[in-house]
Amino acid sequence: MSNTTFDWIASLIKAVIIFVVLLQLVPVLIWLERKVVARMQQRIGPNRVGPFGLLQPLADAVKLMAKENIIPTGVDKLVYYLAPVISIVPALAAFAVVPFGEPIHVAGRVVYLQVAHVNIGILYVLALSSLAVYGITLAGWSSNNKYSLLGGLRASAQMISYEIPVGLTVVAVVLLAGSLDLLDIVNQQVKQGIWNIGPQFIGFLLFVVASNAELNRAPFDMAEAESELVAGFHTEYTGFRFAMFFMGEYVNMVTTSALATVMYLGGWHGFGPDVWYLNLIWFILKIFAFIIFYMWVRASWPRIRYDQLMGFGWKVMIPAALLNLAATAVVIVVAKERATLWLTAVNIALFVVFLAVLRLVNSRQLEQHRQVVPQPDAVRG
Amino acid sequence: MTWIPFVLIAAVAVFFALYLVLSKNAVHGALSLVLVLVSLAIFFLLLGAEFIFIVQVAVYAGAIMVLFLFVMMLLNVGGAEGPLRENPSWQLAAAIVLGCVLLFEAALHIARAGEGVRHFPQAIAADFGSPERIGQLLFSSYLLPFEITSLVLLAAMIGAVVLALRRFP
Amino acid sequence: MNPYLPILFMLIIATAFAVGALSLAMFIGRPKGGNERKLAPYECGIEPVVGEVRERFPVKFYLVAMLFILFDIEVIFLYPWAVVFRQLQVFGLIEMGIFLAILLLGYMYVWRVGALEWQ
Amino acid sequence: MDIYSAVPFSAWLALSGLLFTIGAIGFLIRRDPIVMFMCIELMLNAGNLLLVASARYRAVMDGQIYVFFVMTVAAAEVAVGLAIIVAIFRQRLDIDVDEMSEMRG
């Protein structure tokens, strides 16, 4: 077998496996989210279909598939059908460059444990996630419904606003690694002896917040606020077309979690022996930790107001991300070899200061609030 | 055999370029322009311009076209009128004549250059078009243009804000 | 083999899945009659308000997209810089500092003028 | 799969010229300013394609840098150009280039 044939077959197999795994993760995540959120709200969650309600997503899928395919009057049919496809295809393709293990050797050839090993991996993921805006905008526009259009515009304005902080925090990671290749980024973390969550702790926090907003998830899910916008851009979508938006969202969540794992948590590295199957388990565990964190956030915080959301993105996240980037660059130049150590120290110190300031501001606001509203307990009921 | 990707992608690009010019609907036109941009991005990739490829996708397809869509929705010009709505016929004639002249010029150039432009057998390094090389060039030969770029962006930022926020009588 | 070819495979598989699933759903869930009420756009369950559906929206949305483009370009310029930063050292710091300082002026102007407020 | 060895440079030249011509004709025959704007983008991209192709065929990377700058300028131009369209629209509530005669100054 020639080298080229081998490469073709290997990459085809990898592509199919990743595709199947990603699609299979969607029902698992939907089930998990319903269960986790239910438990946090003192409910039980799905428990009728199958053991622990495990087959519930399957039942939902059958229902969605069999639903009547309504095309509302006055929609732009071409765009209306295209929008769900546009929202899921980039989501699936974005995962192609994420590495999930050390390259392994099969029959004397190197096989990368990622669908495509490219030079500019991290930028590729960001670029494809910026294409996700289209699905939402077009869905809102084509539906011939005011609320859909407003929801779509809001969602896309929010997504593009938070793309900039995401990009800026990623630049700080690239500064440390000196490469856009995701494999290099993981290896560099092993080489420097500490995962990037240490020297980039502030960046990590910014990335988690900004990516949560970019995923349109609660508490940043103003775009699909059921109470205000009758569910936003997908109001007029039923059945499987609706399901496709959902799948796109969950796949994006997996990709973002995987990206955060690769950039900040050392990728597939963990404790114990360094064999590829253990590494894979570590990788999956870290991804699920992130996903459960996102679910936890969703269950804990109320939705924030749209003007606050945009103001936060432009006035807090961008300056903070720029400061983080500048600090990283300066420390790298000044501290040279000991940059990692210094960055870790600076980040932790800054975080402590940040917490202290937050506490101070909070208590002051609470004080003012008490003065304005004499009996807050009575008001709250 | 290696002609196939070129012909396929070129056909896609030309088809959607024509669709942009002739379609009645501005939003459909914008979507077809996105497809043209993406097919050109694939060409960039095949021509060894890895970084430019991703910039094309991220900036052109991911940002500039989004602004076009936003403005169309903002101004509600989605379902615009026919493409050739009551255009003066001299304009149409001038356009076609000018187009023919342009094409003829290109053809003339190709014909005159003959074998000269057909092949420069040039091997390229493995990192041709990588972000490292772009960065090295940007911070050596092209340092001044790079800094001036920030002025262009500053001017654009101020200009657009002034124009968009202005109160009209 | 071109390292980007697997991405093409992925794109083809994903598109085939999306189109296939949608066609299947279209086949299974054929509309089963009904009147024009059923096909009317859903706006809080009440009768759709008469008038232009694709209304005009606040200029704010446009401003956000415009600022996004300019900042996106700025971020894109940061990537090649970050990759070669270890070679450039202080020189890179100064040059990028100038670049960002000029853009920060614009950012401050935008903020001062109130383009970032969302009334 | 090297596209470079099979496709002569003149093919890129022809494709780029064709796309540029389509953009130019579109710019002249359409009246919707947003579509005209998109035609300008098409013309810019035809130029970019030629720059990248010649960068490859001469094995010099400068062409790619030019494309990078062209994209930057295009982004700035789109932001300002669309701002002008929005401003005119807000004032006149109608956009048709033939009626923008007051722009002549």
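As written, the chain order gives the labels A, B, C and D, with residue 1 at the start of each chain.
Basically, a contact is a pair of C-beta atoms (placed from the backbone, for glycine too) under 8 Å apart; a residue touches a chain by one contact, two chains touch by 3 or more.
This is a predicted model, so every value here is computed, not measured.
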item	value
Co-neighbours of chain C and chain A - touch as defined	B
Pair joined by more contacting C-beta pairs (C-D or B-C)	B-C
Relative to chain D, chain with the most remote C-alpha centre	A
Chain whose Cα mean lies nearest the overall Cα mean	C
Distance between chain centroids, defined by C-alpha means - chain B, chain C (Å)	18
Chain centre separation in whole Å, for chain D relative to chain B (CA means)	5
Distance from chain D to chain A - Cα centre to Cα centre, in angstrom	34
In chain B, residues with contacts to at least two other chains	46, 51, 55, 58-59, 62-64, 66-67, 70-71, 73-75, 78, 131, 134, 138, 149, 153, 156-157, 160, 164
Where chain A touches two or more other chains, by residue	118-119, 123, 141, 149, 153, 157, 160, 180
Residue numbers of chain C (touch at least two other chains)	1-2, 4-5, 54-55, 57, 59, 61-62, 65-70, 72-73, 77, 79, 83, 92, 100, 107
Residue ranges of chain B touching chain D (in the complex, touch as defined)	1-3, 5-6, 10, 13-14, 17-18, 20-21, 26, 29-30, 33, 36-37, 40, 43-44, 46-49, 51-52, 55-56, 59-60, 63-64, 67-68, 71-72, 74-75, 77, 80-81, 83-85, 87, 91-92, 94-96, 98-99, 102-103, 105-107, 109-110, 113, 117-120, 122-124, 128-129, 133-134, 137-138, 141-142, 145, 149, 152-153, 155-157, 159-160, 163-164, 166, 168
Residue ranges of chain A touching chain B (in the complex, touch as defined)	76, 78-79, 82, 118-120, 123-124, 126-128, 130-131, 133-134, 137-138, 141, 149, 153, 156-157, 160, 180
Footprint of chain C on chain D - complex, ascending	1, 71-72, 75-76, 78-79, 82-83, 86, 90
Touch list for chain C against partner chain A, complex	1, 3-7, 9-11, 13-15, 17-19, 21-22, 24-26, 28-32, 36, 38-44, 48-49, 53-55, 57, 61, 64-65, 67-68, 71-72, 75, 78-79, 82-83, 85-86, 89-90, 92-93, 96, 100, 104, 107, 111, 116-119
Chain C partner contacts - residues on chain A that touch it in the complex	4, 7-8, 11-12, 14-16, 18-19, 23, 64-74, 81, 84-85, 88-89, 92-93, 95-97, 115-119, 123, 141, 143-150, 153, 157, 160-161, 163-164, 167-168, 171, 174-175, 178-180, 230, 235-236, 239-241, 244, 306-307, 310-311, 314-315, 318, 322, 325-326, 329-330, 332-333
